[in-house]
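Written out below as structure tokens is the structure these notes cover.
Just so it is clear, A, B and C label the chains in written order, and each chain counts residues from 1 on its own.
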Amino acid sequence: MKKLVPHAIALAVLATAAASANAQSTLTVFGLMDLSVNSVKNGSTTTKSMDTAGLNTSRIGFRGTEDLGGGLLAGFWLEAGVSGDTGGAGGGTGYNSSNASTTGFFNRRSTLSLSGGFGEVRLGRDYTVNFNVSGKFDAFGANGFGNGANLYANKSPFDKSSTATTMGAASALRVNNAVSYFLPKDLGGFYGQVQVGAPEGVAGNGYKGGLFGYAAGPVDVAFSYSQIDVFTSDKLKTTNLGGSYNFGVAKVYALYNQSKYGALKYTTYELSTSVPLGQGEFRASYGKGNAEGGTAAFNNSDATLWGLEYLYNLSKRTAVYAQTGSLKNKGASAMSVGGLGDATGAKSTGYGVGVRHMF
Amino acid sequence: MKKLVPHAIALAVLATAAASANAQSTLTVFGLMDLSVNSVKNGSTTTKSMDTAGLNTSRIGFRGTEDLGGGLLAGFWLEAGVSGDTGGAGGGTGYNSSNASTTGFFNRRSTLSLSGGFGEVRLGRDYTVNFNVSGKFDAFGANGFGNGANLYANKSPFDKSSTATTMGAASALRVNNAVSYFLPKDLGGFYGQVQVGAPEGVAGNGYKGGLFGYAAGPVDVAFSYSQIDVFTSDKLKTTNLGGSYNFGVAKVYALYNQSKYGALKYTTYELSTSVPLGQGEFRASYGKGNAEGGTAAFNNSDATLWGLEYLYNLSKRTAVYAQTGSLKNKGASAMSVGGLGDATGAKSTGYGVGVRHMF
Amino acid sequence: MKKLVPHAIALAVLATAAASANAQSTLTVFGLMDLSVNSVKNGSTTTKSMDTAGLNTSRIGFRGTEDLGGGLLAGFWLEAGVSGDTGGAGGGTGYNSSNASTTGFFNRRSTLSLSGGFGEVRLGRDYTVNFNVSGKFDAFGANGFGNGANLYANKSPFDKSSTATTMGAASALRVNNAVSYFLPKDLGGFYGQVQVGAPEGVAGNGYKGGLFGYAAGPVDVAFSYSQIDVFTSDKLKTTNLGGSYNFGVAKVYALYNQSKYGALKYTTYELSTSVPLGQGEFRASYGKGNAEGGTAAFNNSDATLWGLEYLYNLSKRTAVYAQTGSLKNKGASAMSVGGLGDATGAKSTGYGVGVRHMF
């Protein structure tokens, strides 16, 4: 038997006599498979590969809500990343990543919420406030060759710095052991979140951040700031500022990220756009990364990025796409848009075609 | 669309023409998320943390039954522990724990059953008969700062003993490769189980145990006994005896566990109670651990424990709670109620508040 | 509530107003639990064990399809192996196996497909064309003591060869990063598949293969061939040829597999049959492995295998079974039908009884 569904498939749940009148509930199994065939050239090395996150990152998850009455809702969300090309699932991504072998299955999100007129209190592993801004104001949504996160997520100048290893500008993607409070949804367009993550005795795991934004009609702007106890000696301070305007014929995004660790500073800028074209959409981006305050090598670790993407929706849930993007490293900068080989001081260029299916 | 549901959500299953008349079936996706914010002081070290098992251990699972006709049922059960605070899932807990990196996802239970008028034959990984008694006759259900398992599950005197490492009194929580037989349910209140786990060539993995009990009206009493081939030279022998009586205004539990390995003997006693208070419940416990038959240090590894907990049910599935508990170690005893730091010969005290949601 | 279902349980999916008219979809949670109690004697070592793949390999998965209109379908399939005896899940099996700790959960299959009148394009991790032949033309379906894969899947002469380690004849079971094209289903009984797996810069991971077959009425025959870049110096070339004929009173299968690596050659032959007996089925097999082209020890690594199995269907989804099988190694051959201990130049014989339940 088949029925009509949109994006995600909500599972029918059964009534039972024992249920109280206000215990209304949903349980949803949901996910996404994205597989693409790519060619990436880093410096002089070309790699052909199958990848699993071209348009969106592949995933599978379980989520549900319960209506507790009086406007109060309980909700849980468990979501695992999937490597559709090899069958992998889970594993850590980003800051505080739970990448120990058996402890990171639901690596994308693992939360429990109580929400109501007061807003939402959310506990567990979740996106940081930083990514809630930096991922939102990028036409590529932090996926694909042309997405702005390529300027900071992987081998950024900060990753190469011995004092803040693995901590790039907005690569504080997710945080464990976090308590978040979200403002209520009906504040005349204003929205906000504060987020605190317990260090649990580990230097570098403590997290404190907040975001504040305004969305109304075609306009959306937001700002976020966080501090991470990278080491006891100093903190990693990350600022994100983004805005988008929907002109109808095109939506335009602007994004500014800056991370500071002592005197070291790494800043990225990105402009991107999405243009609806019938059942399809065209996207373009241009970004820049600038390192300051360190050694000559660090300061010379600048980079530029551009990307182009076209996707065609076969349905609301299934799309085919083609994309390209190129990142040009200066000096000691060694970032890439994917693939193997060394792109230090050189170009990293990718081409790919793929399919994305949401369920 | 939302429908009324109780504790677990049974998924609607579809009829098809090919199905024979007696092949009636259910498939259920179920789980639980429990997240709490805690402060634990061990000796002089205080740790603030988010944890995931205050009231019940977080989990997700899949189970189902098939009616084979003639009163015969087939059933499977696959259940993974979840670390809601970090997104972890699976990994080993307890005896025979399958904690190798990729081999313990459904670490809580992985069974296949045939049941009917004759009782039930159950194959796979499951709770031991020991835990089927020791977990049942504790008002805290083996979770939280005040639960009696804190006296044996972690760093118990047996865990510290070189001859029976990692084998505490009732910490034989789960067993792999087990065949269990359960008595039929209609024996006038009597119930029982025998359980054998294949060693598969590994010294220490062989398990043999049984339990027998009686439950009628307000009374429930049970006894269990097991032998584990810890090493070829001797066996770890564990005895559990528990009882509960429901007075209506309160339910009272008593529990006695004893493990012996050669001359070494470790015994715990626990009294606990749960008191219904409108939509809420109050729980209290007091327990004691006593080591004998070893070195002076071993014999001095005694401990006492008390706990208090209040939970308020927002619905049948969602509760908020507050709890505290304290474990006092004597001599070389180094047990704790959680947290970091060393509690050898000192106190381990925890405070926490949390939310638990069943789905 | 229970409803009639066959083999797998399709979950009811909900209609929503936002769904377009042609976005019809299914999402299915499916799986299988198989647990058996076995005794295996390898040489002089006898092991009693519980195992989880006697009749079929235990598993759990999620799959779905979406009708895109115009005869086009999108489909995904995520399937994890399960060790029902210990609760394990995932981990690598076979060639290109993704056995790194966190990257192989959906180790059995992880694919995304677009299909229509043109056939099917399938991306991701899947069975190789080799196994699509060698698993199909074996009455035991590559499970159990008597299945022909015991002659090549584990410790085959190729596995012991330093030049083609871990690459047995048809042990190229699954391949990562693969693009497959399947012929349409309505070609008068002819069917076929070509499959290419990207090496992604790793010598030994590149895969190219194809299969072609014909099935009509009682007849089914197929041929497959593949090349694996084991090392840059040479390729592992595998050929499979199989056929079956259904006489009604019995179905008879014949299978030939050959792997070549340079001058080394390992060939297996298998004849097997399944005989329906009321609600049950009887199966028997006889097979032979022959090594050539290497050292005297390699060339002497021959083996013979026979197996017997009886299964009784309690329903369409649940069966009980008993099986036995024996593999006789010559010379340096060290293959086994399971269990512990060394069977080099000796016999490996197993006996078992089990239950298999599909959901």
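Throughout what follows, a residue touches a chain if its C-beta (ideal position, glycine included) is under 8 Å from a C-beta of that chain, and two chains touch if they have at least 3 such contacts.
These numbers come from a predicted model, not from an experiment.
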Type of subunit A:subunit B copy interface by residue overlap (half), same or different: different
Angle, in degrees to the nearest 5, of the Cα rotation that carries subunit A onto subunit C: 120
Centroid distance [mean C-alpha coordinates] between subunit B and subunit A, Å: 38
Residues within subunit C bordering two or more other chains: 1, 10-12, 14, 29, 80, 90, 101-102, 104-105
Complex contacts: residues of subunit B adjacent to subunit A: 1-6, 9-12, 14, 29, 31, 33-35, 37, 47-50, 60, 80, 82-91, 99, 101-102, 104-105, 314-318, 340, 355, 357, 359
Contact set on subunit A toward subunit B in their complex: 1, 10-16, 18-27, 29, 62, 64, 66-69, 72, 74-76, 78, 80, 90, 98, 100-112, 114, 123-125, 176-179, 198, 200-201
